[in-house]
Structures are given as C-alpha cells and as structure tokens.
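Two complexes follow with chain A in common, the first pairing it with chain B and the second with chain C.
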Partner chain A sequence: MLQANMQLDAKGLACPMPVVKTKKAMTDLAEGQVLEVLATDKGSKADLAAWASSVGHQYIGTVEDEDILYHYIRKGNNEPEVEKAFEQTVALKDLDTRGGMILDVREAAEYAFGHINEAKSIPMGELESRLEELDKNEEIYVICRTGKRSDLAAQLLAKNGFTKVFNVLPGMNEWNGILTKEI
Partner chain B sequence: MTVSKWTAAKIARKVIDKKELFILDVRNADAFADWKIEGHKFDYLNIPYFELLDGVEGILPQLPEDKEILVVCAKEGSSVMVAEMLSEAGREVAYLEGGMKSWSSYLEPIKAADLENGGELYQFVRLGKGCLSYMVISEGEAAIFDAVRFTDVFINFAKEKGAKIKHVFDTHLHADHISGGRHIAAETGAFYYLPEEDAAEAVFDYTPLTNNLNVKIGASQINVSALYSPGHTIGSTSFMIDNKFLLTGDILFIDSIGRPDLAGLAEDWVGDLRDTLYSRYRELAEDLVVLPAHFMIIDELNEDGTIARRLGDLYKENHGLNIEDEAEFRRTVTDQLPPQPNAYEQIRQVNMGKLNPDHGEQTEMEIGPNRCAVR
Partner chain C sequence: MSNKVAIIAANGGMFDAYKVFNIATAAAASEKEVQIFFTFEGLNLIHKQAIHALEMPAGKEHFAEGFKKANVPSIPELVEMAQELGVKFIACQMTMDVMGLAKEDFVDGIEVGGAVTFLEYAKDAAPTLTF
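Let's look at the complex of A and B:
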C-alpha cells in the first residue's frame, strides 16, 4: 500500500503469530528501514505498537482497507545519540516565520501518516540521487522525526553545493501544528 | 510438565467459591489495566506475551510454586504459547480456553430463589462483563429479563427445565451490552416487551411496556408487574416478581446507582433518576430483594454467587441513596462519571435494530468492563 523496504504477509494468522513473524522479519532489515505487515487479526494493531516501543522500533501507523490491516514499523536505532554536526539550524517553532521550502527526509510511510502540508518528501536514502529536484537558490529547511536524519541530509546537501540549508530542530515528533496525511 | 486447558465455567466456579488462583495475564498492559478476571483471592502478574518471545526464564521467580497458575490472553493463542514455554521450563500451568473473549461471554446460571408453588427464579451471572439476566420458571412457563446476546443459553436452559418461554422483557434499551431479548422472542414465539419511551427509534416490532402492566407466569400465577422507574434511560422500568423481588435494571445496583448519560441526556434525566431512587422506590416495601441488571465489583457477590440485597439494607448502605442534597446528587451523577462503556453508541444502535453486526463484531463491541454505574 505505502512504500516500504520489505513486506510481511501475516494475513489469516492469529495472535501471537503476527508479532512473532514481525520480530523475525525485522532481523532482516537494516536500521531505519520500514517493514509493511499485512494482518487480519484486529488485535495485532495494539500489540505491534506496544511490542515495537518495548524493543525500540518505531511504530509508524496502520491503514485499514477491506478488513486487511497494513502496519508500518521502522527498525529502531539502538546506537547512542550522536552530536548534530550541521551548524546552520532553525528551531521548529520558528519554522512558520521562514520562507523557502521544507524538505522532509523521513521514509515515505512516515511522511504519509502525517507531514507539514507544504513539505516535499525525499527519503534520506534517495536524496543523493534526487538532488536535481532541489533549487540551490532557495532556502531549504530539512526536517525528519528527531533531527538526526535531517542533520545528515543537510550535510549531504552542503557537500553538494547547497548553501542555504537549515536543519530543523527538533523534528516532527514535536510538531503540534496541522498534519497533512496521505492515507 | 503438562499444560491443561480450563474452561470459563471452571474459572467461574473458582470465583464463586472464593478459591485461590494465580493469573499470568499476557495481554497488553492497557488491556489488562482496563479489564481482567476478577476473583476474591486471585493474584495477578501482567507481562505481555511479546515480551516473552525470547523466553520465560526471567519471570519464573515471580510465579508461585504453591498456587495453581492460569495463563490468560485475549483469544487463547498467546496463552497457549506462553503456557507451553512455562511447561518446558518445568512448571505446571493451565490456559484459559478461548481467552478473555470466552470469559466475557460466559454465563453462570444460579438459583436465586424458590417462588410460590414450586416456581423458581434464576440469576444468570455474566462474571466477565458484570451483566445479570433473570429467568422466572413456573409450571412449564418461563419469563426472561434483560437477556444478554447468548440466546442459546437461555433457550436451552428453559428446555432443560421443561419450560416454554412466554415473555421476554428488557428493562430498558441497553447501552453497555447487546440484548438477546428480541431474538429469543422471535425464536420461541414469546412476547418481547420494551419500554416505548426507549424504543422510539427501534426498527422492529415489540410489545410496549407500560406502567403497572401485569403478567402471570404459569398456572400458579407468579405475578410480574412493571413499575415505571426512569433515570438511567427515560423508559427504564422495574419489575416486581411474586411481590418479593424487585428487578431494578440499571437504576439501582448493590453498591452504586445508574448513570443518566448514556443516551446523551444526563441533564434531562437526572431529575427522573432522583425521583425514582428517592421517591418511587422509597414507597416500596423494605423487605423486597433487589436484583439489579449489573454488578460492578466481585465483592458484591453473596456466598452462593448471587447478587441480591434487601431494599431496606441498600437504603442504609448504598452511598447513591444517601445524598440528601439535591444539587450534590446532580453533581455526582453528571460531573463525576466514569468513562463510558466501550462502543456504547453503536451498541444502542444494535439494540434498536439499526445495526446488524456479525458475531465477531458484536464481541469486539462488548469488549471491556461494564460501566453503567456511578458510585
């Protein structure tokens, strides 16, 4: 349904199997990648969300369509928090006073479950190959969930000759404004 | 070690007989906090099954050696998995067949009283949800009150007793559980009664329940009379049986009183509730035995598992009957309400015949605790 790195079909399976299979499938994903789980067990939604948070994965959300639940989970990062390296930053709360464009570098599924209306989506992993979509003369405000991916994205843009780049801190996890959804 | 499978009926017996039991509940923390199997002497440990996928060794020290251990989950699957893991670790445990879903639907029929000329009054206790239904049997005829949706239980029970179901009553339009009343009536050819004031939007045929309606059950004429007692809903009606028992529906419970807000009209109905509890019921004989349509906590169960109390005793002990100040009463039943029951608006639609969910959807709607009362 939404873009994901891997799909797991757990349709027709009863609890505990959707979580058991998801746990196993997550071991094949790289950190930051998104798994799409198809399930028909209604209880899988609450259980996957609770399980994901208990083991450090990010439960992105669930879409329900014709009795099938599509769950999206992003593999967590257990590494310690690293210092943000990109120096040009702007506070999230000041974002609406700025012009330019907002670049959302989270995964497509995360973007679909809620983003700032005018933000453009280019997932971090695709950024290097899609630079021509961006305008070097425009101010670019890079945002992700916490500020970590956007830090790396801002560095990547700077390395490629973009000068008017700002990392937005913190990220979407503290955004209280209107969310636009694609689901 | 072996893993044994327990039925909801077996656990119901342990609740009623006040036996000890250690419950390892492997559902989500939220689900457990919302609703669990209640017992006087039950102990609990809640660890979600998904935290045990890598092994149960970590929780072994928390499981008692000297008590029976029951593993419980929502539908059964996870409890079987955890029970088998515990068994492999050398512990003897059981799991609940059908999980909380089966617990929520189990009814324990208990004889509440003998009536005139060999008549009998049964209380059907739905321990998992707190719903109480009733059946009066007299000389081959039966009347049912506030039947829950498991119609087979009532129909088969009457059959076993050799009684034909003649009258089916709902004290009001229920908001916390799906009524089985009109389905039982349709299947058995009985009359189905519902208060007209509650049934304005109902899309099926019924017999209007009016104040002072009198129905006789069996040749010995066990008397059932209706008493208009609004407040929980505008149509709420009580029943006097054999001049000894008072079926209060969701108006008066053992340790609490009805809430007036489930149809969205708390402000309008609070005066009716006050009148019913402080005037209409006051005029009745104190020796009447109150049989409510719900219980809230397990402590309300009598020694034999029934939920019943003398009206006079309730006027002494029930806090909701002892709020002298009218303004304070109003605040109590409008401002300090507990959360509303799961899916209560949908359940009302189902009971009006406007929604026809399948069996699985009905189960989902009824999940969770009963919340029809104000303490």
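Let's look at the complex of A and C:
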C-alpha cells in the first residue's frame, strides 16, 4: 500500500503469529528500513505497536483497508549517537518564519503518516539519485524524525554544491503544528 | 527491568497449553529470555503422545471449531516455534518419578530439573506466571 523495503503477509494468522513472523522478518532488514506487515488479526495493531517499542523499533502506523491491516515498522528506533556535523541549522520552532522549501528525508511511510504541509519527500536513501529535483538557488530546510538523517542529508547536499541548506533541529518527533497525511 | 520471564505450567488441558505457549512465544519474540517449568498435569503439554490429545474442558468441546476458524496454530506447532525462539523447557523431576516417566517420553530438547532449578532462574524474573 505504502512504499516499504519488504512486505510480510501475516493474513489469516492468529496471535501470537503476526508478532513472531514480524520478529523473524525484521532480521532480514537493514537498520532504518521499513517493513510492511499485512494482517487480519485485529489485535495485531496494539500488539505490534507494543512489540516495536519493547524491542527498539519504530512503529510508524497502521492503515486499514477492507478488513486488512497494513502495519508499518521501521527497524532500529535507536539511531546511532553521532555528532551532528552540519553547521547551518534552524530551530524547528522558527521554521514557519522562513521561506524556501522543506525537504523531508524520512522513509515514504513515515512521511505518509504525517508531514508538514508542502514538505517534499525524498527518503535519505534516494537523495543522491534525485538531486536534480532540487533547486540550488532555493533555500532548503532538511528535516527528518530527530535531526540525524537530516544532518547526513544536509552534508550530502553541501557536497553536491548546494549552499543554501539548513538542518532543522529537532525533527518531526517534536513538531506540534498541523500534520498533513497521505493515508 | 528484568529481561526474564518465568512460567509454571501446572495444568494439562488444551486451554492451558494455549495460555502457556502463546505467552511464551510472544515473550520470546519480544527478545525476553523464557523458561517454562512443567509440573504435574503440565507435563502433558510436552509429552510426545499427550501433546496430540490435549482435552478441552468438559462442556467446552464446541470451541474446537472456533480454534479452527481463527486459524490458531496447533500446540505441536507452537511448541516447535517456542523452542526455535529459544524458550527453555524444564520438566519436573519429582513429577516424572511419581508418574514413571523418562526424559525420552518428552519432546526433544527439554531439560529435567527440580524446584530449586526453577526458583533460581525465577528469582529475578518479571513477570513470573502460573497456568
């Protein structure tokens, strides 16, 4: 339904199978990748959200369509503690006073469950191959969930000749404004 | 926070089996260390023959259809999955002696131990559950 790195079909399975299968599928994903789980077990929504938080993954959300639940989970909630290296930053609370464009580098599913209106989505992993979609003359405000992926994205843009780039700190996890959803 | 879950399985019916193995596999899937201590009728749940003939409580036999409809995994399947996820099974030595059972009467991969074996494991487990 939404873009994900891998899909797991757990339709027709009863508790605890959706969780057990999800755990197994997760081992085949790399950190930061998104798993889509299809399930019909109504309890799987609460179960997978609780499971993800208990083992350290990010539960992104669930879409329901015709008795099928589509769950989205991103592997490895705990992003590595790295020193943020990109120096041009903007505070999240000041973002609405700035012009230019907002570039959201989270995964497509994270974006779909809530983003700032008019933010453009290019997941971090696709950024390098989609640079031509961006305008070097425009100010670009890069945002992710916590500020870490956006830090790397801002560095990547700078390396490719973009100068009007700012990393937004913190990220969407502290955004209290209006969220636009694509689901 | 403890990363250990300790379960005592002391009853040997079909419903008891689901309570024990559902919680055990869910806990193991959540990266908990899990041990189950099987004692008295609980030994049915891992006995090579009894595991295929677990009984519904009297008067509740009609639930068999519900289990089928809900596509609930069979108990032997859940046992295999639990072991695959690293759940440790301990059969109670004393009960085995009383009932004249040997380690070979049970599914592969179990251990045999006494009450103290389990207590030592359970002393810093949270939660400890009894079924």
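Assume the second predicted complex is superposed on the first by the 179 of 183 C-alpha atoms of A that agree within 3 Å, B and C clash if a C-alpha of one lies under 4 Å from a C-alpha of the other, contacts with A are read in each partner's own complex, and residues count from 1 in each chain.
Keep in mind that, in the parts below, a contact is a pair of C-beta atoms (placed from the backbone, for glycine too) under 8 Å apart; a residue touches a chain by one contact, two chains touch by 3 or more.
Every value quoted in this text rests on a predicted model; they were computed, and no experiment measured them.
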- Query: With chain A superposed, do chain B and chain C clash or fit?
  - Reply: clash
- Which superposed partner A:G12 touches (first chain B, second chain C, both, neither): second
- Regarding the shared-chain residue A:A91, is it in contact with chain B (first), chain C (second), both, or neither? neither
- Tell me which partner A:K42 touches in the superposition: chain B (first), chain C (second), both or neither. first
- First (chain B), second (chain C), both or neither touched by A:L179: neither
- Indicate the residue numbers of chain A shared between its chain B interface and its chain C interface, in ascending order. 14-17, 19-20, 23, 47, 51, 54
- Message: Show me the residue ranges of chain A that touch chain C in the complex, using the header's touch definition.
- Response: 12-17, 19-20, 22-23, 47, 51, 54-55
- Message: Going by the contact rule set out above, which residues of chain C touch chain A in the complex?
- Response: 22, 25-26, 29-31, 70-73, 81, 85
- Item | Contacting residues of chain B [partner chain A, same complex] | 28-31, 48-51, 53, 73-75, 77-78, 81, 364
- Query: What does chain A use to touch chain B in their complex?
  - Reply: 14-17, 19-20, 23, 42-43, 46-47, 50-51, 54
